[in-house]
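Listed after this line are the structures, all set down as structure tokens.
Next come two complexes, and both contain chain A; in the first it sits with chain B, in the second with chain C.
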Partner chain A sequence: MSERLRAVSGQIIALGVALLMGAIIILMVGESPVHVFMTLMRGAFGDQEKIAGTLLQTTPILICGVAACIGLRGGMFNVGIEGQLFLGGFAAAWVGFTFSLPTGIHTLAALALAVAAGAAWVAIPAYFRARYNTNEVVSTILSNYIAVLLTSYFTIFLFKRPGGWSETPPILATAYLPEIFSFSRLNWGLFIGLLLAVGVALVFRYTSWGYGVTMVGSAPKFAEYGGVNVKRQGFVVLLLSGAVGGLAGGVETLGVHHRFMEGFAPGFGFDGLIAALLANGSPVATIVTALFFGALRSGSLLLEVDTTASREIITVIQALIILSVSAQVLVRRRGDSQAGERRWKF
Partner chain B sequence: MEILDKLINIALVAATLRTTAPILLVALGGSFTTKAGIFNIGLEGQMLAGAFFAVLGSIWTGSALAGVACGVAAALAFALAFAVLVVTFRANEVVVGLALNILAGGMTISLMKAIFGTRGSIVGHGIVGLPKVQIPGAQALLGSWAPLISGFTPIVYVAFIAVPLLVLFYNRTRLGLYIRVVGEKPEAAEALGISITRVRYTASLLCGLLAGLAGAHLSLGYITMFTENMSSGRGFMAVAILIFSNGDPLKVLAGCLLFGFADAFSLRLQTFGFPSYLVLTVPYVVALAALFALSYRARPKIIRETLASMQKLLSTDRTSAPADKNPQ
Partner chain C sequence: MSNAPGSPTPHSTVGMAVELTAITKRFGAFTANDGIDLAVRRGEIHAIIGENGAGKTTLMNILFGLLQPDEGSIRLNGETTVVADPAVAIKAGLGMVHQHFKLVPSLSVADNVFLGMEIRRHGLIDHAAQVARTHELSKRFGLHVDPTERVGLLSVGIEQRIEILKVLVRGARTIILDEPTAVLTPQESRELFQTLRSFVAEGMTVIFISHHLEEVMEVSDTVTVLRNGRKVATRPTSELSKDELVRMMVGREVSFDRRPRAALNGDVVLDVRDLWARDDRRLPAVRGASFTVRAGEVVGIAGVAGNGQTELAEVLSGLRPASHGEAWLKGRDLTTLGPAAIREAGFAHVPGDRMVRGVDRNASIAANTLMGRQHRAPWSRSGVLDWKAIAANAGTLIKSFDIRAQGSGDPVKRLSGGNIQKVVLAREFTNGADFLLIDQPTRGVDIGAQEAIHSEIMRQRAAGRAILLISVQLDELAALADRILVMFNGRIMGEVPGDNADEDRIGMMMAGVLPEPAAEPV
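Our next item is the complex of A and B:
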């Protein structure tokens, strides 16, 4: 069996195991697994509005997934995408409700600031990771908590909409991302995500910079002997990853909510990271995995209505998928050394 | 000056000890895995599972002790899953840890909805909290200083007593030595015939035990309730402490006291009318600042180690190069 076939069949078996365990947990919470899965399917693909809803949920997961892919390729775990998303979302909203600019330029300016905010938020952890080898997993996770609290503070204490709940004033219509259909909030953000995924994949495949990043990720010593400035590149990789995370927030604000509010996009950053891991760090494969998670999320909305199960059951299923894929019993050879270096490939 | 008196007093010190206890326990648990050479980012999830099942156990049995046992059992189950995947299947420890955290978050919320039919939090339902231990004679002996040693829940005492015990464990027991060898020089452990797998499993389960206690303290200690994601990053702060303390119990204690103080102090600031959102960031900011500052200080060590390992690499390259040419 070829290596690739083994890898793919391993993924599929792992998926089966995860779904089986998910079914057991659904039984534990007192629901019928078949009913839950059928409800999820109906909620995700039942009619054209549902399908548009699925794509709507897919968009931020996809962009966050691409952000995670950039990091993973370079051997970096950017677990802070959630925080970058929140800051990017707030930055875009701020541009949206503070300035008045012509249509189009306004959108671009807001997205640009979102990108800058995401990159700036990851800059300090990235600097310390590159320069002093400070573990980026912990520093980016901790900065998530700060980002969420900080944006809440901005929203509630500095820019609260008078008389509103915990949300900023709405952004001007000139900053909106255009909607695709009349019956859904699905917007051009989806195209941004798709273009980004393909673009990043092409950069990794056809440019020497992309090759260098992949080398640093898979064989840092080799890359260093080959003349890659590993530290500098680690910094740039995390910064780019953060920038894309910020973009995800900007797209979410300008395309869907048209304002920033407390807890505006919970969990998209983590979903993106999981989607990227499931896709083994490939941006194009992330399109598929993001669609899968988007469908789960969209389906879970109906789940909350039609069954007694809570929508968090899909987080359980996602986690189980990652866990069983990470074991990859089929792909691993028995002879591998116990003491050998663990790669991020899981 | 008067404000300072109000801010910093005996009550604050006692509050610091209270808030230190859960993070100290979970960090001491993580010290087992750190010493055994496993990067355990899954502490957060173990703690959360511990907190949730402690509440469940307490409601079902009507006993706080049984609740703690339930919480510890749940955390042990998560620790076992972590060990199976990381040690036996050699999966990536960051991926497994993060996934287990997500699993714990989703599972506790799903089960809460299934059992209690509510979202957000479990309050009431007959949750039995842990009793507070009044040390006899403390009031007479210390007067107004008594709250420093008396009136805590048993888990707080366990947390602080565990520190010297762990020092003894690492320096004076065979298992402690094995754990250190497996972490520092796995090749040496293998050569000595120590089962790396068994030692890492043991370390992971010991970690689960303490993380479960920490979780039980969160939900049955001073507030008797469970809320969604109530561990709120304490497991991650513990990992930050473990990184710069390298798992040494005394350094862990120092780091945890710092966070406990930051936690207690920020709660205190909140009552003075500072915006709660900013005040709540204080512990995370302290954790990050400590992580960065100490890794900056560790840079000569990093450079030394890099040089040493490069020298080793070069010398082994030279000696092994001719050997490679000989056909076996």
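Our next item is the complex of A and C:
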């Protein structure tokens, strides 16, 4: 228990340090940190529309965060969630504008293909990891570029809507994810994300399979000795992580954009990964951290209106968070590093 | 060099390198050191011995300024000193070599030795001077190292020498070593003792922490025994016998004599036939091993570490492929199965590398006792774990195996080495297997726990289990094994009966001097 307390307090201190450094940088660009942070708060939680906007931004970060958590739990660093999200988004849109199916079934079919697309995309690095022990960090990062450009190619050359932007034809209303409020595009995707986070946490805690995977992640040689097939579980975990990454893209197109646009969801995959790291790989804690990043994104919209600071300051703050969290992880794990532990592969 | 062992000098403070008076240190409700007095004379090798958790390391950390005592005082070289931090201790001529080394793998030996106190010339690091000085020191004290080599390429034994050199260049006259031999081979230990003697010959003082009796008897002039945070006695080594030392450490009689046993008449459980396997460098490591293990029998495998025992254990447990041969366990050939199927076939394994293979250090005792049975009722039903049943079972195991822990939720890393080993034994001995592969069961385990582990192994034998016991400690095999097979260079050189085991004969086979044609065709 005190172990967990230490982990949580460590993350909070890291967050505090990052915000403090952010405040210094805001001072350096000649704006008041208090004013900027208050504006961010107002932009994120000022009224019900803003809160809904924050939750709208939180949804894809949360789902991507859960995807990252699945990988981390099994000792796999899936840095390719961004690419899986793009392919999943495109796959869902394709089902949405190509087929005509009854309401609900259409949505499910589109989400199913999004899941399949994400899993198929990560299957390539996952195979090489299992077969040749290739470092999955490198191969999943690289696969992002291909995925993003591949979906651009599909959109521009194969499925472009006549005239206008680089986007596909709109998907049919039968495939939409229902909206929750009349005043926001916030949709059932949020519930999918919340259910997924809790569900994944339960599976890891309360199933034999989840126990084996957790051991593969934290003590691979022990897991191997105990009869867990380490290579197979690593492959499975990456596949599941990619599947959820694909789902995130499907939820985004079916719930928010109702079409696939080139560059439709920049950075959600990476934000999700950071949210998962900040949550120490816990899916439930990722709900909180994803909300934090969602609020930053949503609050930043008001930033350029009401302050002289650029909204890019948000990116700076995020980068500072990554820095301080990884420094914190390194410090906390320094003692363990002598045992050759390799949980966070930096 | 003031004192020879066994010739007590008048207790003049002048001759004292270190005097601790009534040191008490509490961690919460736990008293790690309870009014400990310790006087170390200049020019002696002073061993501090005690079981894990007796307070040895705490006491040394207090002396070196890493911890502050709650009560008591410290005199260094006759002067009362408040050792506020290690810098004070170093200034007073103390140096400490820790159990875990703190070296930079990418730097050279000399650069590591001088890290933080580099020799400078014109503002730049004078590498040549550092190398020369390192070389000189290493020659003087028999600490053989190549000052220009990169540390990342070196063995643990050499890393330890570098740590000692680091302490020396910082001007230490009194050197504290925390369990220095735990990571060394017997050969390296002997070299270390030579070095320690050369320190004393130059008038320096050595304090070393250990729980190995033999080496304490061999190298020290004076012994201080700690037990449960209290000092039991300080005595000249020459006045002590090994038995007395054990009694003081453990607080009761402990015997490592041969265990009494009933005669065996069991069926063959494991039948290994002409087994071959390669090591990680793809070189043959096990070369045609053939032997059997019967129910109710302990078969020991003796040998110097690195003669194929590890690979043999890994092949049998499915962690390494066999390149040739068979290993039959109750009608199934283990060489064709993976670790999970081998466990299903009735195979339990206490691994030699328990920290890496045997446990997940960060997980709880309960989670560690689950490994290998997570798919079996009553621990899980239809793939869903019953943590209540798992924790309850872990609680029972903690009691029956006398694991010193607060509860089944404790992370394993908080336990001592002996208790971690008991967690492994508790898990492996209770999963209903007929065959037990036990690899180095008492390595790094203190004496009280060693005896308990030996008793547990004998209970398993009495219950009719077939046991293959791999150990580098001959006395362990002599106490437990019915037959002893000796491995050398991947081959089984011969077999010796366990009672009245002829150590000379075993020793010659271990060295490969006495080859005996495989006289045991199943």
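Points to keep in mind about this one:
Here is the rule we use: the second predicted complex is superposed on the first by the 326 of 346 C-alpha atoms of A that agree within 3 Å, B and C clash if a C-alpha of one lies under 4 Å from a C-alpha of the other, contacts with A are read in each partner's own complex, and residues count from 1 in each chain.
Rule of thumb we're sticking to: contacts are C-beta pairs under 8 Å (C-beta built on N, C-alpha and C of every residue); 3 or more make two chains touch, one makes a residue touch a chain.
All values derive from a computational prediction rather than experimental measurement.
When both complexes are overlaid on chain A, chain B and chain C end up clashing with each other.
Legend: residue contacts after superposition of the two complexes on their common chain; A:183 is shown touching neither chain B nor chain C. Of the two partner chains placed around the shared chain by superposition, chain C is the only one that A:212 touches, whereas chain B remains out of contact.
Touching more residues of chain A than its counterpart among chain B and chain C is B. Contacts of A:143 after superposition: chain B is touched, whereas chain C is not reached.
In the superposed pair of complexes, A:29 makes contact with chain B only, with no contact to chain C. In the superposition on chain A, A:226 makes contact with chain C only, not with chain B. Residue contacts after overlaying the shared chain place A:310 against chain B, while chain C stays out of touching range. By the touch criterion defined above, A:270 reaches chain B but does not reach chain C. Clashing C-alpha atoms between chain C and chain B turn up only in stretch 149-157, chosen from 149-157, 185-193, 365-373 or 401-409, once the structures are aligned on chain A.
Once both structures are placed on chain A, chain A residues 336, 338-339 are touched by chain B and, in the other complex, by chain C.
Those residues of chain B that touch chain A in the complex are listed here as 39, 41, 81, 85, 89-96, 98-100, 102-103, 105-107, 109-114, 117, 119, 186-187, 190, 196-197, 232-233, 236-237, 239-240, 243, 275, 277-278, 280-281, 284-285, 287-288, 291-292, 295-296, 298-299, 302. Contact residues of chain A toward chain C in the complex are 3, 205-212, 215, 218-219, 221-229, 336, 338-340. Taken together, the chain A residues at the contact with chain B in this complex read 25, 28-30, 77, 79, 124-125, 128, 132-135, 137-139, 141-143, 145-146, 149-150, 152-153, 156-157, 270, 273-274, 277, 308-310, 312-316, 318-320, 322-323, 326-329, 332, 336, 338-339, 342-346. Of all the residues in chain C, the ones that touch chain A in their complex are 100, 317, 319, 338-343, 349, 351, 353, 355-363, 367, 370-372, 374-375, 379-380, 383-385, 387, 411.
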